[in-house]
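One chain, chain A, links the two complexes that follow: it is found with chain B in the first and with chain C in the second.
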Partner chain A sequence: MGKKLLLEHENVPGIDTYEVYRSKGGYCAAEKALRKMSPDQIVEEVKVSGLRGRGGAGFPTGMKWSFLAKPEGKPRYLVVNADESEPGTFKDRYLMEKIPHILVEGILISSFALGANTSYIYIRGEYKWLVDVMEKAIAEAKNAGWLGKNILGTGYHLEIYVHYGAGAYICGEETALLESLEGKRGNPRIKPPFPAVAGLYGCPTVVNNVESIAAVVPIINMGGAEYAKIGIGKSTGTKLISACGHINKPGVYEIEMNISVEEFINSDEYCGGIRKGHRLKALVPGGSSVPILPYELIYKTAKGETRMMTYESLADGGFATGSMLGSGGFIVYDETACIVRNTWSFARFYHHESCGQCSPCREGTGWMEKVLHRIEHGHGRMHDIDLLVDVAKKIEGNTICPLGDAAAWPVASAIRHFREEFEYHVKYPEKVKNSIYAHEKDYKAVMV
Partner chain B sequence: MTNTEIKFSDATMKRVNELISHYPEGKQKSALLPILHLAQNEFGGWLDVPVMDYVASLLNIEPIEVYEVATFYTMYNLKKVGRCMIEFCHTGPCLLRDVEPLIEYTEKKLGIKLGETTPDGKFTIKAVECLGACGYAPMAQIGKHYYEFLTKEKIDKIIEEFGKPDYDPFKKYDI
Partner chain C sequence: MKVTIDGHTIDVEPGTTILNAARMIGGEIVPPAMCYYSKLKDSGGKCRTCLVEVTKGSEKDPRPMPKLVASCRTTVMDGMEVKNITSERVLEARKGVVEFLLINHPLDCPICDQAGECHLQDLAYEHGTAKTRYEEERRTFDQIDIGDKIKLHMTRCIMCFRCVFTADQITDKRVHGVLYRGDAAEIGTYIEKAIDNDFSGNMIDVCPVGALTDKTFRFKSRVWFVKPMNASRDCDKCCGKAVVWMYGNEIYRVTARKDKYDEVVDFICNTCRFDKKQVSDWNIEGPAEINRHSVISANKYKKGIKVTAPKVLGYGNNVD
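Let's turn to the complex of A and B:
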């Protein structure tokens, strides 16, 4: 049984309430941080812990904090990114729904460390009921004296507010999120300046994922050095993985980053294996943006080493034979899955979610969607496959924000590893047309 | 709807002022997204131009600042929708779990296509991109809540229950 640091009490009845959370050792880390530690010491502990951003990019959280500018007379902000929208990812929702107070406690410690007196939680608009859950937890924490003025008599004050979006994947990109928080369209900003210098309202701002901020709680409780002992190499601590697709037990699992992909898929403690009578075909280990892996590269790397659930091992082999841990959105495909259809669905997603600011992304995602649509529906041409590769290449690296890359990678990797499936669709259009899912409906009607 | 009819109830107005108070002075525009949700809830489930103008006046911003936001975010409806809106997630992971046959079933049962509203104004069905419930697929958002592990039987029940006059989109029904 792996160690659980975030979800240890996930099954305790009433753990979403302040009393129960407190009775299970909740707010002890906050007490320790505010009474016994200086802000710099907290930042140092987070650096020592090796915690890496849990939203997808994996950038070291402590380092991100240390970039925060501290000019006189300007407020600083901590903004929590709960705009979880990456297909395959539903871990932040689970954490907030089950144990909202761990996020509140994490925000308190982190804001204290950063010298922020206001923090916003940006929740995606579709998670409407979670706004109530978080607002209730914040009110309870405030009643108990953990928020507001002069917390624990330290002279430090903090307010946390919940802000909610209205359906835009792009707002998970930190500068688009800040634009949205300012009441504007979610168009990513050109960097530099980085949010650490000029973020919300032009003030120094740190934007962190929900899980990253929650992980600060165990880091303070156990110490950064102890936290860093869990995991392998630069993949320290535990990670929430949201598993879905053709497995027996879809759900959210907390893993120590020292288990193999094979164990994660097949162990009863986690995914419980591929559904009965079927076999593993492909894996997207970190949300729809990351490259898809074919069967032969899932359990072993190209070098023949065991593939582990770590940032490094999943990326082993680069884009040629590896993928990424990303957000931990773990999508498992068995042999019934059509890779072309899946790729088309992802391309449609990115086309729908492109903000339209940069032409390579705005136009390129649309082209990829259309070309994939025609291949999937039996109207493809053989040169369409290379056309897709070409378009993906022209988007990648040529946009303000990473959405362009995120749109290009799934297409490029699917063709790299499953080219024969694309060719099959082109060669045998009649078979594709007759497949049960290849119904010809005007897919534009969906875009109302 | 004429401009004079558009006014938030006292309870909603209280919430509007509370939302505005969350942001620094002069940054009241930050409250725009949440307030547009309130407006949509209160004024028939969609945002007509006079409603957007009213929100602009409340926040002391130009109407165009509201229009550009309302047209960017997919959760704002810019035309009238049914009293019960069923939004099926149809991105990759839900496809794997067979949401499409379920969508077809619902289309047939209601006699409408995706993006359409039943003539009696009771139901609208839409397909939307990833709702973050991939492990509980197939699923749909209906009103405020998610309905997960959907089946044809559950769709039957939803259409029966949510077509009733006392249907409340903010309530979580046991389906």
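Let's turn to the complex of A and C:
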């Protein structure tokens, strides 16, 4: 049984209320941080913990915090990114729904460390009910004296506001999120300047994922060094994984980052194995943006080492034979899944969600989707496959924000590993046409 | 600060962008720019045609930048080394961007008023390929009317945002913007209404393609048949310095004066642009020299060879 730090009390009845959360040791970390530690000590503690951003990129949180500019006379902000929209990812939702107070406590400690007196939680529009959950938690915390003016008599004050988006995936990109929060169109900004220098309303801002901020609570409780002992190498601590697909037990699991992919998929404690009578075919380990892995590269890396659930091991082999831990959206496919259809489905998502600001992404995502749609529906040609690879290559790295990369990687990797499946679609259009999904009508209904 | 672009070194002020440093050097090493406009704050970074490779970050931190960067929005560092036309990677990426810009473009140049002074034409001619790999249906939009002076053809738009910045920065109130998302994004006024203020006509001049054209000049002539003349008048709203495009003794259209990167020198008001079409309204100073790359200047100015056609069309005085 792995150690649980965030979801330790997930099954305690009423853990979403202040009283129960407090009785289970809640707000002890906040008390410790505000009373006994200086802001710099907290930042140092987070640095020592080796905590890496849980939103997808895996950038060290402590380092991000230390980049925050601290000019005189300008407010600083902490913005919590709860715009969790990556297909396959639903861990933040679970955490906020179950234990909202751990996020409030995390924000309190983090804001204190960063010297921010106002914090925002940006929740995606489709999670509207979570706005009520979070606002209730914030009100309870405020009643108990954990928010507002002069918290614990330290002279520090903090307000947390909840804001919800209007349903755009792109607003999960940190600068688009800030634009949206300011009330503008959610277009990513051109960097530099980075938010740490000029973020929300032009002021220094830190944008962190929900899970990263929540993880600050156990780090303060147990100490950064102790936290760093969990996991392997630079992948420290625990990570929430939202597992879905053809497994027996889909759900959100907290893992210590020292178990293997094989154990995670097959252990009864976690996914519980592939559904009966089927076998594993492919894996998308970190949300729809990351490269897909074929069967032979899931349990072992190309070098023959055991593939572990860590940032490094999942990325082992680069994009040729590896993938990424990403946001922890763990999608498992058995042999019944059509990779072409899956790739088309992802491409359709990115086409729909491109903000339209820069040319490669605006035009390229639509192009890839249309070609994949053709191949999937039996109108493909052999040269379309190479065309897709080339279009993906021309989008990748040439866009303002990472959405272009996120759209290109799944297509490029699917063709890299499952080329014969694409060729099959082209060679036997009649067989593909007769599949249950392959009706033009269905496609249109989905698009509306 | 010293910066080296394709082997040419130049000293520039801190805060200069790579693109502007390249423009100071001049010549073929200047990256093309479809969305950047030096007169408009915050413009640039969107079209990705000006991508360059930074092979050395600076004297202090010589590491190369991993991704290609938009030269219009990246400021130079001391000792920076940049590759533009000498980088295969850049040329390849640029070719990709041109292709992306063209796949949904209607290519209706034969009936487009911008043809001849269109940046997308130039860009495609220089960096594109003659064939398209795009076999799908091209994107279309419902036509919207934005007033009696400016014609909007959304199918031709490349989403440079220049007209949005112009309306924000030059006119007193912006009533149009970008609606919707991704490749469905379009320029519009949301609730259909006219864009009506004294400086709205400048949107036509800043538009790099034929998405915004002058209704008073619509289908009157091809731009290469009309003769650009510098002209001025006393105007209480703007500088009154413009270019009138003449056919014989008639003024067909009025535009602002432009520099060699086809950027407006001084913005002009709508009265000068749309209402003053009589020769008597203007003090005509003489032929406007067009030194930018364009078919209007091809074969007619200093470097050009003499051909008979321009003379017939009244270009005689400009031929060297």
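Following the convention adopted for this analysis, the second predicted complex is superposed on the first by the 441 of 448 C-alpha atoms of A that agree within 3 Å, B and C clash if a C-alpha of one lies under 4 Å from a C-alpha of the other, contacts with A are read in each partner's own complex, and residues count from 1 in each chain.
Definition applied: a residue touches a chain if its C-beta (ideal position, glycine included) is under 8 Å from a C-beta of that chain, and two chains touch if they have at least 3 such contacts.
It should be emphasised that the depicted structure is a prediction, and the values quoted were computed from it without experimental measurement.
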Which partner does A:E353 contact after superposing on A: first (chain B), second (chain C), both, neither? both
For A:G364, select first, second, both or neither according to whether it touches chain B, chain C, the two together, or no partner. second
Touching partner for A:R185 - first (chain B), second (chain C), both, neither: both
Which partner does A:A168 contact after superposing on A: first (chain B), second (chain C), both, neither? both
In the superposed arrangement, does A:H246 touch chain B (first), chain C (second), both or neither? first
With both complexes superposed on chain A, which partner does A:S345 reach: first (chain B), second (chain C), both or neither? first
Let me test your reading of the model: by the given contact rule, A:G397 touches which partner, first (chain B), second (chain C), both or neither? second
When the two structures are overlaid on chain A, which partner does A:K427 contact: first (chain B), second (chain C), both, or neither? neither
Common interface residues of chain A - those touching chain B in one complex and chain C in the other: 168, 185, 352-353, 355
Partner chain A, residues of chain C touching it in the complex: 44-49, 51, 67-68, 70, 73, 92-93, 96-97, 99-101, 103-104, 133-134, 136, 139, 158-159, 161, 177-178, 180-185
In their complex, what parts of chain A are in touch with chain B? 75, 84-90, 93, 118, 120, 124-129, 161, 163-169, 180-186, 201, 242-246, 250-252, 288, 329, 331, 333, 337, 341-342, 345-346, 348-349, 352-353, 355, 436-437, 439, 441, 445-448
What does chain B use to touch chain A in their complex? 22, 24, 27, 29-34, 36-37, 59, 61, 65, 68-69, 72-76, 79, 90-93, 95-97, 100-101, 104, 113-116, 126-137, 141, 144-145, 172
Given the complex, residues on chain A that touch chain C span 168, 170, 185, 190, 351-360, 362-367, 370-371, 374, 387, 393-395, 397-400
